[in-house]
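What follows is a group of structures, each given as structure tokens.
Look at the two complexes coming up: chain A is in both, with chain B in one and chain C in the other.
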Partner chain A sequence: MGRVRYSCCNGMNDQTWIQQALALFRKDILAETRTRVAFGAMGVFSFASLLLIALAMVGLKGVLIQNSSGQAVPAWNNSGKMSLLWVLLCFAAFAGLSHSFVYEEETGTASTLKLHMGPQAVYAGKLLFNTTVLLAVSLVITPMYMVMTGMDAGTLPMFFAVMLSGTASLSAVATVVAALAARARSTGALFGAVGLPMLTVLLVLIMNAARQCYIRSESAVQYLRPLTGIVCFGVLIVTLSAMLFHYIWED
Partner chain B sequence: MNRSVIVALIVISTAMGFTMWAFSSSMTPYVDIHQAEKLTGQVQIRGKIMHSTAHWSDRKHALVFMLKDKNNDLVEVDYHGAKPEAFDTAPETAAQGVLTKASDGKLILNSDSMVVKCPSKYSDKKGLKNDTSANSAAENRI
Partner chain C sequence: MGSSALKGTLGFLMVYVIYGAFNIAHGAIGFAEKGIAARIIFFHVPCAVYSSVAYMVATWYAVKHLWLLGGTNKSNTALEDSDYKSAAAMELGFLFCILATITGSIFAGVQWGSFWNWDPRETSIVIMLLLYASYHLLRTAFTTDPAKRARLSAVYAIIAVIPSIYLIWVVPRVLHTMHPTTTLSNPADTSLSYKLVLYPSFLAFTLLFIWLMQLRVSTMKLIEARRKRRLHAMEAQR
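The block that comes next holds the complex of A and B.
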């Protein structure tokens, strides 16, 4: 195992914040490969929910319901499956990523980080790590889910765009909420409470976009509108968090 | 003010604008019948239930009734779903659905979601006007 080098000897000024962020990212990846805290939490959680959803929805297979124009449509349709996939990813993100800052506080390494890099670098590094982990998890979970529930991808480019932008935005929300929660005493409850308003908006935006995967449309605006929403919400959260992060980090 | 803050504020306001733009598509606007004719997609129309016209249509498999909005325009509502408990006594309702034109040119609101207003216990005796604030909570429902 290689040692992770910090800029401890020469102070923090000889490295740009990007280098510092990358160093933190490498350190987190290394720590993750050793302990597998985030992956373990997310993996067990996702697999359990995956199995639960697959079993719970067996009863809905082949059931038809009438929609508002009187046509019979399957009750357990692609949009419904997509919604549950996002619920699953959302909980997985919050189960796994909540540890990213708590871990630093618990092991007492938060002060070390504060000494050696600026708050921007810490935020960028953690965001990069969380996004990578969540992308990896969703890369494993999504195909499994699609096989187990028989979910269609619909319009393929749209599907990939939704999954990618949705996962990135989700990790941006989870990162800033994790940072907030790590500073509080009762981390668990606060995590949910603070995250809820941000998460609700994000999930509504994602559901909109997900529905569009299964609607054929000629105009590109129909596809772009919900996607822009997700991406811009992610940008909004990242910008705000980057601006305000040092108030959380250096109290 | 330093430059990075200004850049950040510009980014934030732009991103917020686009987010609102995308988010607004998930809201169902409250409109009257006249406006609803011009819109495609989901709308929500609030108005008085014409109880004498309400009946169950076996052919359409729906609860059919006429709805009179505040401009006294009439629209037929085909409500696909279980009849709300308070429907028979409810003076008003807000029906959500898609407005379609039948082959004979009649407007039909194909609805699958409806909020009925509870009859007021007090307004009849005291002769107060029904206040509509009870319905405002349901406004702009996601």
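The block that comes next holds the complex of A and C.
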């Protein structure tokens, strides 16, 4: 769009943007292993919400309700448990993912990053870091959740596909909203309030796909159709964010 | 079209639509209260359509804003103008969204027996409402720097196009809906007396949208001018 803003020709630095993004990713991982702020915040937050959900739903154990076709089904069933797991992961993302942009602003290192690498590299590095942290959190939380609520995985390949594509799309949305919110003064309150409405749509898609984990189906199309919705959503968000990132990042 | 001609046509059309909804259109088969419930479409459907059209208009001006920002010839008035138009369209979208939700809820209460049924279109309009609200929330966070506010809210408007496209076209088709899907898109199903009121109603809402947008953009310009004047006065005092 108009002017060229890629600063990989800054003189001091002749890396490609992929190398720059990986360098930023390594730096963030290093900082994270030293302080453990993002992972710790998200881990504790999601474990606390896990306990809350499990406790709140204990009363529903063994309760039967009538569905629309008149059959008695358990009220606290697998798709319901899966939906609440995603609500939990969604809140976890909003507890920790803003950190990666906020601390660059707070410590004043944002300007150094701007000098050192182009906006595309910053976006790619931060997206990679956020996705890794969120995947790590969901890798810890999901088995615990399954044990505490007695949730089945259902069709295993579908379950893994939903978890992977859902987490990646979730972190794509959270990353760009975090970058936006980090530019404002009241970042914390803004981040959740601006990001959650966008995530609601993704959650509707994910819950629709998650239901498919527990329905036996012969044709692969039944499994692929809801997954395509999630993947397309993530890809579109990443594409638009990468195109527009320099408007967010630079003044 | 001049402002008074626009207002005159709008006034005439609105009176005609309100009269026609009760006197030209007859009760429709398949609707509650002897078909009287069907008359909501003259007000509910244009509101619902304009709640999504407004988003597209807002995105158009957001893209224009960023396009101007990336260009070499940056004129301040053109930049401000595209920002105000984008924000004004967002406010109107919010308004039409609220109206569509309320009229839809009243219709659902009469027709389906409950004011809220978690029909996919009800779900998607309420999320749409949230998207509009978060856009305005984002704008309130940058009160001191209008240029930054304009740039960042334009970015948000463009990125939030993806969830809104999903809400308007994907979600209602993926999930089972109680809304009639073919009644209005297939002209053969709609009787002449309904077309006589519905088409003028769409025209009236289009004019209403244009008029309200002009009003809102000019008030935004006045507010910004007042802000600048106060800023200058404070600097002069120092």
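To be clear about the criterion, the second predicted complex is superposed on the first by the 237 of 251 C-alpha atoms of A that agree within 3 Å, B and C clash if a C-alpha of one lies under 4 Å from a C-alpha of the other, contacts with A are read in each partner's own complex, and residues count from 1 in each chain.
Everything below uses one rule, namely that contacts are C-beta pairs under 8 Å (C-beta built on N, C-alpha and C of every residue); 3 or more make two chains touch, one makes a residue touch a chain.
Everything numeric here is computed off the predicted structure, so don't read it as measured data.
If you put the two complexes together on chain A, you find that chain B and chain C bump into each other.
Looking at the shared chain after the overlay, A:L240 reaches both chain B and chain C.
Contacts of A:I206 after superposition on the shared chain: neither chain B nor chain C is touched. In the superposition on chain A, A:M198 makes contact with chain C only, while chain B stays out of contact range.
Contacts of A:T228 after superposition on the shared chain: chain B is touched, whereas chain C is not.
In the superposition on chain A, no contact is made by A:L113 with either chain B or chain C.
In the superposition on chain A, the chain among chain B and chain C reaching more residues of chain A is C.
In summary, superposing the two complexes on chain A brings one listed stretch of chain C into steric overlap with chain B, and the stretch in question is 116-124; the others among 8-16, 80-88 or 116-124 show no clashing C-alpha atoms.
Common to the chain B and chain C contact sets on chain A are residues 201, 204-205, 208, 226, 229, 233, 236, 240.
Within the complex formed with chain A, the chain B residues making contact are 5, 8, 11-12, 14-19, 21-23, 25-26, 60-62, 80, 97-98, 100, 110-112, 142. Against chain A, the residues of chain C that register as touching in their complex are 66-67, 69-72, 123, 127, 130-131, 133-134, 137-138, 141-142, 148, 151-152, 154-156, 158-163, 166-167, 170-171, 174-175.
Against chain B, the residues of chain A that register as touching in their complex are 66-70, 201, 204-205, 207-208, 225-226, 228-230, 232-233, 235-236, 239-240, 242-243. Residue ranges on chain A touching chain C, taken from their complex, read 1-3, 176, 180-181, 183-186, 190, 193-198, 200-202, 204-205, 208, 226, 229, 233, 236-237, 240-241, 244, 247-248, 251.
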